[in-house]
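Note that chain A is present in both complexes that follow, paired respectively with chain B and with chain C.
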Partner chain A sequence: MSETITFTIDGKEVSAQPGQTIMQAADAAGIYIPRLCAFEGLVPHGSCRVCTVMVNGRAQAACTQPVADGIVVENDTEKLLAIRRDIIEMLFVEGNHYCMFCEKSGNCELQALAYRFGIAAPKYPYLFPKREIDATHPDIFIDRNRCVLCGRCVRASRDVDGKGVFEFVGRGPQKRVAVNAEANLADTDLKTSDKAVEVCPVGAILRKRVGYAVPVGRRRYDHKPIGSDIEQAASKK
Partner chain B sequence: MSKSLEADVKKICKACGNDRTRMMDIVRSVQEQCGCVSGEAMDLIAREVSCHRVEVESVVSFYAFLSTRPKGKVVIRLCDDVIDEMKGSDQVAAALKTELGIDFGETTADGAITLEHTPCIGMCDQAPAAMVNDEVVTYLSGDAARSMVRSLREHMDPKKLVGRFGDGNNGHDLVRSMVHNNIRQSGEVVLAPLAEGAALKNALAMSPAEVIRDVKTARLRGRGGAGFPTGMKWEFTRNAPGTQRYVLCNADEGEPGTFKDRVILTERPDVLIEGMTIAGYAIGSDTGVLYLRAEYAYLRSFLEQALHDRRNKGLLGKDICGKKGFNFDIRIQMGAGAYICGEETSLISSVEGLRGDPKNRPPFPAQKGLHQCPTTVNNVETFCCVSRILEKGPGWFAQMGSKGSPGTKVLSISGDCHRPGVYEVPFGIKLSDVLKLCGAEDAAAVQVGGPSGTMVSPAEFGRTICYDDLATGGSVMVFGPKRNLLKVVRKFLEFFIEESCGYCTPCRVGNVLLLERLNRILDGRGEPSDLPYLERLGQTIKTAARCGLGQTSPNPVLTTLKSFRSAYESLVKEAPDGLQPSFDIGAALGDAKTITGRESVHF
Partner chain C sequence: MASTKQKRVIIEPVTRVEGHGKVSILLDEKNTVTQARLHIVEFRGFERFVQGRPFWEVPVLVQRLCGICPVSHHLAAAKAMDWIVGGEKLTPTAEKMRRLMHYGQTFQSHALHFFHLASPDLLFGFDADVAIRNVIGVAAKYPDLAVQGVMMRKYGQEIIKATAGKKIHGTGAIPGGINKNLSIAERDVFLKDIDQMLTWCRGALKVAVDYTTANLATAAPFGSFDSNHLSIVRKDGSMDLYDGNLRAIDAQGKKILDQVAPQDYYKVIAEEVRPWSYMKFPFIKSIGPKDGWYRVGPLARINTCDFIDTPEAEAARKEFMKLTDGKPNNITMAYHWARMIELLHSGEKIRDLLNDKDLQGTDLVTKGDRRDEGIAIVEAPRGTLFHHYRVNKDDQVVMANLIVSTTSNNEPMNRAVQKVAQDHISGKPEITEGLLNHIEVAIRAYDPCLSCATHALGRMPLEVILVDSTGTVIDRKRK
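Presenting the complex of A and B:
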């Protein structure tokens, strides 16, 4: 039997197993820490920084930071909410997000986060980048306009599918997701059944011909905010 | 697929043991031999080292000195940092463009010469400077640039551009460079000569634990800027579980305005190598890696020779100094143009043959570093301090400098001063005294610690250089009364945007947004509310960014907003008509004017 670790999140005592991350422990305790790049079953990436929490007064990503006995974690504070709001707004202005006609609308985690944070319009100016679309694959397309560089597809393809179809290229503002071919997704061995296709939080990697199968109004975040599943699971206990 | 390319790539990969972790060496060699790492070459490399092609592309596209498209036989990289600009790099740039008939980012029609900009190459004390392939040319002017291009056109041999050699080892047969050391003040710790092996022999007479104890007693802290206690780092590394351990030397000196490591590498390579060897003994490692920034490639053969000489003398290799079982050797890993690789976990990524992305911490390198093994990463100057501590004793070292910052610090001073160059000073020295030393009594602002450091105003010149006040990896840039500080800030921000790895959102996007608003202010379209906007945005980046680069990248804005707020306030204004000054109606109507072919009747 491994010993149990106890620590606090916003004053509430939480117990965890050694080796867990703060996010895993919080999830189990029914405390939602907002996130975007994190995805259950994938190696934590720590890139979006939406899950930033204060650990003993120091900012850390909850998805990568391991639990430790007696740590004091702040999550739901004015300061952190402001930082997370800033980061979500950054992701909106960095790409070209057309929620009103995006087929991912209602199922999109970025959009859902914006709703949860009450963001109607970003305070930052739109950067309107020129991004590439790749529709060469018969069943899947990539629209990089909506990509938030979370790396879920990269990790899923490499670690779950065992393929390595996606990888980051370039750096800084020029960083983008590339495919394992000269140029086209059609020249990779990506299949619609791949985990990499399923994990995209936004509308950057999509299956063709199924876009509006679920009508607006019956989509994942149409009635309940993102994170409510985690919060509700705990209240049922 | 071209046969010769295939043969070349195969040979290069084989020379690197078809080892994927040697990717940096592979792609650097392919670039050197074939002019670029083309798509075809990437396919071949991937096949040879058994990885995905996109992984190769991921690495190649990360580093500024690597390219997927062919470049000229000669690549001229003009340094465009702020100091070079102050010293006239604009005239040099104009002369190069005219003489070559191309713009920056282009290659001459005959495929001979490519012209590029590059951030600080560590030559601020002899600016403007440029790299011509691996050669460094300094003290450039418009005329010098023109004659440089003319002679290049004749012989296409960058080596022949070197007229008179610089001082000291810059004239060494294996260096033959026109770079100058400009050592203005030597101290007893780093720049003093060392009797070969003296420190190492003292170390080997003790147990590794005793060596670590001495380094701790000396209270040595990392000289790269962050100031982590070296002895503690070594202890963590030594005590971490594992059989293989590594010693990495960070010679990726990229902080703009820093060039002291270049001088140490040129004049005191033995002190450095000895320090690394002592580290190897202390932590129980047999392998060291010296990560050398690509800008200092001209020092590579010289450093290889220094390593070779020490092997011959029994100071490196097997049973060092006759100590049975103590084996330690060092290899040089070349970088390829990425400031971020000076961050210790990025440096590790790069040595592993990956993009120079920083890694998530924990685990820290001391627990799981290079190839997941316990690793200590220390700065060039830190290793030199280690040698001296073991030579002269921790007590001798600790009594120098200030209470929290024992020892000396080697500063790289440049900008508006009479005597730019390298100064070894005791920690705790007042900034005003530093300015006297270098002849900069009329300084209006001093950037201490490079762009990621602090912009200091004259009212604060009484502050001291030490870890508890003005911490610095060595960069001291002086700005005279005529300089526009906000333009300096802009330059620094552009640098961080260029050098961000793009991994985390706050750094990748936030700095672009900071620059956008600063440009508005500089264009005279700023509003008073832009100042708190910049502060909040800067704070978000500082708090939420993943690594040291991101966390310090808003410092140029934040520290000038604090110490030079009036420079901002004088440029922003409340719009009298209630319209947002940031909204440019003329620009917004531009397209419509073109389409309709007439001016707006309202605006």
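Presenting the complex of A and C:
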């Protein structure tokens, strides 16, 4: 039985199927809800909170919240933009994000979100944490300075690659992505073709020796802001 | 023990140079100069914090040393990393794109220095009214010249953007090659204006030549001294700013070393540390630290090369060498003349490269056997630049050594400061701002980049503090 659910996002009527999340329905309707931990094909995680929307006046993560008939969703409001901007700024100051020489620059979702939200510099003080680099694998390296704990690699390795190479360890500020090995990344069975290597939104997990092969001007977000693909897909319909 | 009447004059910061430095001059009770030093007060630390980073990141990371000639660091590091990936024999497209980037940078940097930083002294006089002795004063009295300076800098910067992706801190050079070629459309934009640029280069050279010849009596001894000169040259002895082997000559032109491969630099060059400066003092090993110091940059390059491989610059070089009867030119103020010969040379090189179809090639990257050490040298606008790295099996940098051109010119700039202080300040009853500017004029001739960092246009105060030997401030002047 197919039942269509109808609700509104910022006053616009949106149709959805039962079981869809608010984010999935919004994407189909050409409404971009910013996100970082969410990734198509991976189980929703609801951890970054960048996709926070107001559902009938209560804050919810759009990537995990299922649609329901008649709900009133707020997305593009001053209050939510301010909340999302704060979240993004906190992600920046909690790590060591030096966009100026990071090879992910121009392809980085965190950087692209900052540009979309007009963040020139965070208002919070930098924490400058001391984090480790694991370059032991012959073809892949982890730079934890840039990790935002989105968990995409954890989910992709477990659910898509069927390997469980990555897992979170620690709590609070000590939380980090660990590898499922006695020692280092080189001791795992991670391959460059694994989904877990592909999904990192920032420059934390990278294929070695790729570097800056794509010139400035041809990178993913050089000309179009993040989310414009979703918005444009709808306008072509 | 120092006399209690001893005075110390501090020029801090030195103005119209890149970065921050200060000059300290010690005077006795008769205002006789007893000591004069240029201090580099910034500390950078790049050699330490590239350690642990993946090697392919270094050309992009380390160029952040500087905002004026980051391309030099970008290319020197990329050339060193070519050796790491075994790709030091670049494809024609990659090498020519890098060369175009490099000549674009030399073009904009030399134009910036001559028109914006040095010309106020040359056009108005060393002790002219400080209110007009600046780039705004140049724009008011010589508007055509000021506009040319801006437009030439822009041209060079646009070339950097077309080759590196950005005007400042691009990503074009990658280990073993380049990440883009030059499209026909990009090329045609530059070809349209190249003749105008070359005309302006000739005009700028004429300003430098006319200034030096008209003021030879005062310019020749100003901050001048005999010195060794060092640069890279091509195998046939031609000037080559992008690649070549080391050559050093003494003040009379006798070769101290020649055709030393960059990979052997450490066998012929060493660095001395002195307690009063953050900057090291490089020297030629075979001569030793006392007399082994040398000059680098435009003057040294014109002196060391046998010829220049572009016709107009070569004609200008021959004219330049006539001034000293073919012997090495040791006149500090002749740096400006030499720099403008290189500006013209860069313009000619850019024109030749733009007409080379290899720039539209698609074979961009090469590689071979992996190595764990990479050493490379380029001739930055300010002089010879050495980059040396070691990389572990995990692709992380474990050692970096950079000898930047201003470091090589450390001892010469100190000599120039001492000479000018002795010749122009010592014994003067009153030490005016104009007299102190003489010191800065000598430093500016070297176009130093004291921090390898760019700074926004703003108020750059010159403060002079007179203190006695107990440290008590006697007098303080600000401009």
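Observations on the structure shown:
Throughout what follows, the second predicted complex is superposed on the first by the 236 of 237 C-alpha atoms of A that agree within 3 Å, B and C clash if a C-alpha of one lies under 4 Å from a C-alpha of the other, contacts with A are read in each partner's own complex, and residues count from 1 in each chain.
One rule holds in what follows: contacts are C-beta pairs under 8 Å (C-beta built on N, C-alpha and C of every residue); 3 or more make two chains touch, one makes a residue touch a chain.
Since the model is a prediction, treat every value here as computed from it, not as a measurement.
Once the complexes are laid over each other on chain A, chain B and chain C both fit without any clash. In the superposed model, A:F166 makes contact with chain B only, not with chain C.
Touch counts on chain A: comparing chain C and chain B, the chain ahead is B. Shared-chain residue A:S228: touches no atom of chain B or chain C. Touch criterion not met for A:N96: it reaches neither chain B nor chain C. By the touch criterion defined above, A:R49 lies against chain B but remains apart from chain C after alignment on the C-alpha atoms of chain A. Residue contacts after overlaying the shared chain place A:Q20 against neither chain B nor chain C.
When the shared chain is aligned, chain B comes close enough to touch A:K175, but chain C does not.
Of note, the Cα-centre angle with chain A at its vertex and chain B and chain C at its ends comes out at 120 degrees, rounded to the nearest 10.
Superposed on chain A, the gap between chain B and chain C at their nearest CA atoms measures out to 9 angstrom in whole units.
In the superposition on chain A, none of the residues of chain A is touched both by chain B in one structure and by chain C in the other. Taken in their complex, chain A has these residues touching chain C: 100-101, 103, 133, 135-136, 141, 208-218. Interface residues of chain C, counted against chain A in their complex, comprise 52, 54, 56-57, 60-61, 64, 85, 164-166, 169-172, 174-175, 179-180, 365, 394-396.
Interface residues of chain B, counted against chain A in their complex, comprise 39, 51-55, 57-58, 61-62, 338, 340, 355, 360, 362, 497-506, 508-510, 512-513, 516, 533, 536-537, 540, 543-546.
Only residues 44, 46-50, 52, 59, 61, 64-66, 82-83, 86-87, 90-91, 93-94, 123-125, 127, 148-149, 164-175, 178-182 of chain A touch chain B when the two sit together in their complex.
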